[in-house]
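Each of the next two complexes has chain A plus one more chain, namely chain B in the first and chain C in the second.
Showing the complex of A and B:
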């Protein structure tokens, strides 16, 4: 029987485990006093990944295992870096990774019946705008952006959850309508969200929303003229923001010449560039660099830490891994069984791809730096949970489409068996009689 | 201890890079393999013919054969599509599933036509409603059995 074959992933999973084991074994001796607890931490991480992988195999046999492995490797790399920088933040990150895995499985289960998310898209849109408006008044400022909120003593970043909501809202709006007039409420929503994010000085999230919206809009409508018009409107908006807001001007000025303001605002970019240069092609070695000289080394600038300690070649391989993750996401979207699932999967892939591009592009000074996290690697609970939710969406869509193809193949095979039993003997008998 | 760590950390850079490269290459190779397999499955579901219906000679007219992965056309006892009283050789031609499509092949191309055109290639892809003449045998390729039954 021709049964849909899914790539065997045990060998690649073993590579993740080997990487985790070797890295944490090395970290035991990275400081003056040996830290045997590093091995315990690595062991817990391995067990957690193994458990999540087994649950995935049971809960969704047709889920995309290769995508999951890429996520595991990136998360493991993030955990190694966090532990190298601070064992306390690493422990918190491990807890957030566990919470992220739970979120992923919840999303995966809900995606089995996407009608729920279609029904919830309007409430999600209203709640998203409500939270972003509330942030303008009650939000806490951190890193120059007023985009944090504290509930019960726990700080979280609502824009991370708004971006997950955006995926469903865009997919719902564009799965039934492709005519521009019918999409006006969606345009308004994206516009309002972007303005609110710019007002909060959360430029990274604003860039992310606009970029993902454009990608999903083009994928859904294939309307080049409308997409180019939307890009031009976005460019006009960016130009207006530059002239209206001081913090936007400051970001662009730092990007253009960080060395001019090295001792003040350009310090972070300049330190990041120096760290990457000192790492060279091969890196200085795990625990051998000075990442703590870069502000936000464990969040926004974690890519510079990778370059410094693991080398530029390793960092390029990490970028390839992200590319692979996005490509697999797009393939999941292309094989989706319905338009809503296709657009949600494409939106999730576009968001992950855009987020990676915006932060790595900012760190290497390709584009102005905006404060967002590197998916799965940077320290940050909200980001980790939101990214894992996006992975859950992708796995849910992959699981449904894979199961559907296998069911069709099985039905075809059953029909074949019936045919063989009835027709061929008749034909042969007729031949013999003649 | 410090110097030993420096040396080990310096060496481990290459190990980590090799591990990541191996991981990325493995994922790429398996992705390509899985993608090809999925496309093959989709082609089987969407494109391939699954039945042939005999039109000639008269005594076999209307008989439907369900194609399996490999099919031999001829008069031999072990032929999958056995047309006992015909001008065919014992193992005259083959219709095999290759890369998600059924392809026809025969070594005796002289009295063989597909849709009125002589068979030139070693393997020729068959599509829905293609008409094939082999010696005195004529059959039409079909995608759906229901359609075949309605026509018959």
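Showing the complex of A and C:
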């Protein structure tokens, strides 16, 4: 069983490497002067991924390989795009990716004893609120939101780390209690964090927190009435902020018609739309587009760059890859051995899923745009490390669930996928060495 | 366990959300991509012009309309009449208009070229050249149609109602695509709105050509309306304050002027048509009957019918940027009655009227207007040819049949007699759109119609701004253009 899955994973890993190699080979010629060092960069990236994969196999043999491969591919795609846009940012992104991998392994190890995180729940909550309050005074503004903090010359985005804390705090609070009265401290925490984020004009992060909170709350308590009430409160809050804040009104207006305000507030969305339209089905080709005309092309708007240079079909493949990531994450939650693990795994998956939906939906004009990063692909250290921490949580839970979980997963896959069913007639065969 | 069940539910929600992302991405790029790409703001197109030689543009008969010389300068037809008559449909290469230059820049500038063609050009060390394209328009016919408009503003639009190919699209006043830099620098002043393609984007009061819509509404919502007889005794009278219909009241004072308390709806020439059927009312363009029909159909159904015919919506054609009309029945009877005869706040575009006439001619089916006949590869192979495509079934069979009969009647014995062409069965509807209440400004003259023939399946709309009566000014122009189209 292990051998079979391992063999398949190796094939997929090879595909990732082939993509990285071909992309960086092309990137050698993407600018006027050839950049042979691109191949070196690609090589380092391949080695780094290979190393991380081997460590994962040793540290957690039951970790979810498909999930890991999806994360590797998305991160590699991010690095390819960053290198295409600027080799310096790509180098920094590579360092952040390494730091992210380290974070992932640390989280994975800590998740072996969930008690640690449960014990840390209250301190994390206090620290989160403390940082967010401090941001109001010492925060640096960027892109309309005052959500950056500078420590020793390095810029951090604390809301990214608050997201990870939120996953633990929600899971901890709702592992033992499901009655509303017992959950008041958690409600307070979520409420305060949201208000602070809105005050910093970090609407994207606020939306993510509330959304993930609602999903985990509903999953844990099955309390439809309270969930609907919370949604209503959120709707009233959204309505109020629409009328209170000009920038929220502007967001909605440019969502409805970015062309009307092309020269001012609609510029970014309109540029993104033109970039996507220019790519068409197959894309203009790596290095052939003009993505730098889009503001935030390497961070929030990286999906438009993908559409422009790689085309709609590839972009859909990216969406499917994110879906795979979320589905694997939720399957990990479903197979978790204890309630805390289940809720953390679900919270982490929900966060990643929401974040992906909100930013891609914003870029393609399905929903109003809020400035958040696209997990693993966007440039940004805080985002990369926070997302990798979430993956660490998922892999930790998956690893703990052990061989029994593997068996369950396989049974589900055989139900879902007929082609696999033919190779594995039924779950009892899993022990056979295929 | 409930939590597990809930999480499974969320799994389904996430799968649905991500599918929505993928589907919406495909939809929005499919529906709007071409427009966004050809947007004047898209710097990619302008940047390409510096590195790629744009391809040539030909008309359907192979007459060259635009080409690039070896220095990269863009030239348009040397024949001034042709150049001006096709200016709007060809557009310009500075991104100021939405013609073929902008819409098909992905071909002209080689965005769509496959890697083989690019490599071949690279190996031969030639500058990259985009693909040549052939349009569906006939340049000579455009110039002829333009000449018939004379010094009046207006537009002519002709399309093949079986294939959707646009044969004529000309608009007056025009600009000279060869002088775009002069316009931009302000060295040469252009009349306002000269760069607007009036055939596709000109928003006009329709006048009586709108009766096509009211007739369809009546057929749809009044059972047995074709068998009924109507009585036209001149003006319909409304209370001026409330706008409600007042029956059996003589609105005129001793001198023949309308009393201050009343407002009337009458025909342009105050004619009284007596007793007539729906078809006769259509043929003689009786305002009285059509106003009554609008009142009987009612606000909601009038609006519903108009919207089913493309009003208040958005045209998303693949190869043409076009606006649709607006219809609002208003608040009072007075508004509703006038809206039923194409006045009040009614707005249409020539392309929309052509689509309605085309649907009447083609069993209710409107073909999607097509402008691109073919794209030529580097080895002179055309790799993309026009494919007729249904746009929408606008009319039911009986509605199309009624309109065809009635529109033939208009040219045979009604208001559109001057559109008749020897040997062709021309059908149509005239319109005389009042644009000022004082009558100081001449009305817009409309004719929209088609030739009922499999050999010459052309639908046409002619609008002459401030031209006068539709039957006297627009109908004869339409007749001459249709005759010219069939000689080809």
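Here is the rule we use: the second predicted complex is superposed on the first by the 394 of 434 C-alpha atoms of A that agree within 3 Å, B and C clash if a C-alpha of one lies under 4 Å from a C-alpha of the other, contacts with A are read in each partner's own complex, and residues count from 1 in each chain.
The rule is short, and it goes like this: contacts are C-beta pairs under 8 Å (C-beta built on N, C-alpha and C of every residue); 3 or more make two chains touch, one makes a residue touch a chain.
This structure is a prediction, so every number in the text was calculated from the model and none was measured.
Of the two partner chains placed by superposition, chain B and chain C are both touched by A:327. Of the two partner chains, chain C is the only one touched by A:278; chain B is not. If you count the residues of chain A touched by chain B and by chain C, you find the higher number for B.
Once the two complexes are laid over each other on the shared chain, residue contacts for A:66 go to chain B alone; chain C is not touched. Contacts of A:109 after superposition: neither chain B nor chain C is touched.
Contacts of A:314 after superposition: chain B is touched, whereas chain C is not reached. Shared-chain residue A:16: touches chain B; no touch with chain C. In the superposition on chain A, contact is made by A:286 with chain B only, not with chain C.
In the superposition on chain A, A:342 contacts chain C only, with no contact to chain B. In the superposition on chain A, contact of A:357 is made with chain C only, not with chain B.
In the three-chain superposition model, chain A touches both chain B and chain C at residues 284, 320, 327, 331. The part of chain B that touches chain A in the complex is made up of residues 1-2, 4-6, 8-10, 12-17, 19-24, 26-28, 30-31, 33-35, 37-38, 40-42, 44-45, 50, 59-60, 63-66, 68, 80-85, 145. Remark: chain A residues 215, 218-220, 222, 259, 262, 270-271, 273-278, 280, 284, 289-290, 293, 307, 312, 315-316, 319-320, 322-323, 326-327, 330-331, 333-334, 339, 342-343, 346, 350, 353, 356-357, 360-361, 364-366 touch chain C in the complex.
By the touch criterion stated above, chain A contacts chain B in their complex at residues 2, 4-9, 11-12, 15-16, 18-19, 22-23, 26, 29-30, 32, 66, 69-70, 73, 282-288, 310-311, 313-314, 317-318, 320-321, 324, 327-328, 331, 335, 405, 408-409, 412, 415-416, 419-420, 423-424, 426-428, 430-432, 434. Considering their complex, residues 2-4, 6-8, 10-11, 14-15, 17-18, 20-22, 24-26, 28-29, 32-37, 39, 41-44, 47, 106, 111-112 of chain C touch chain A.
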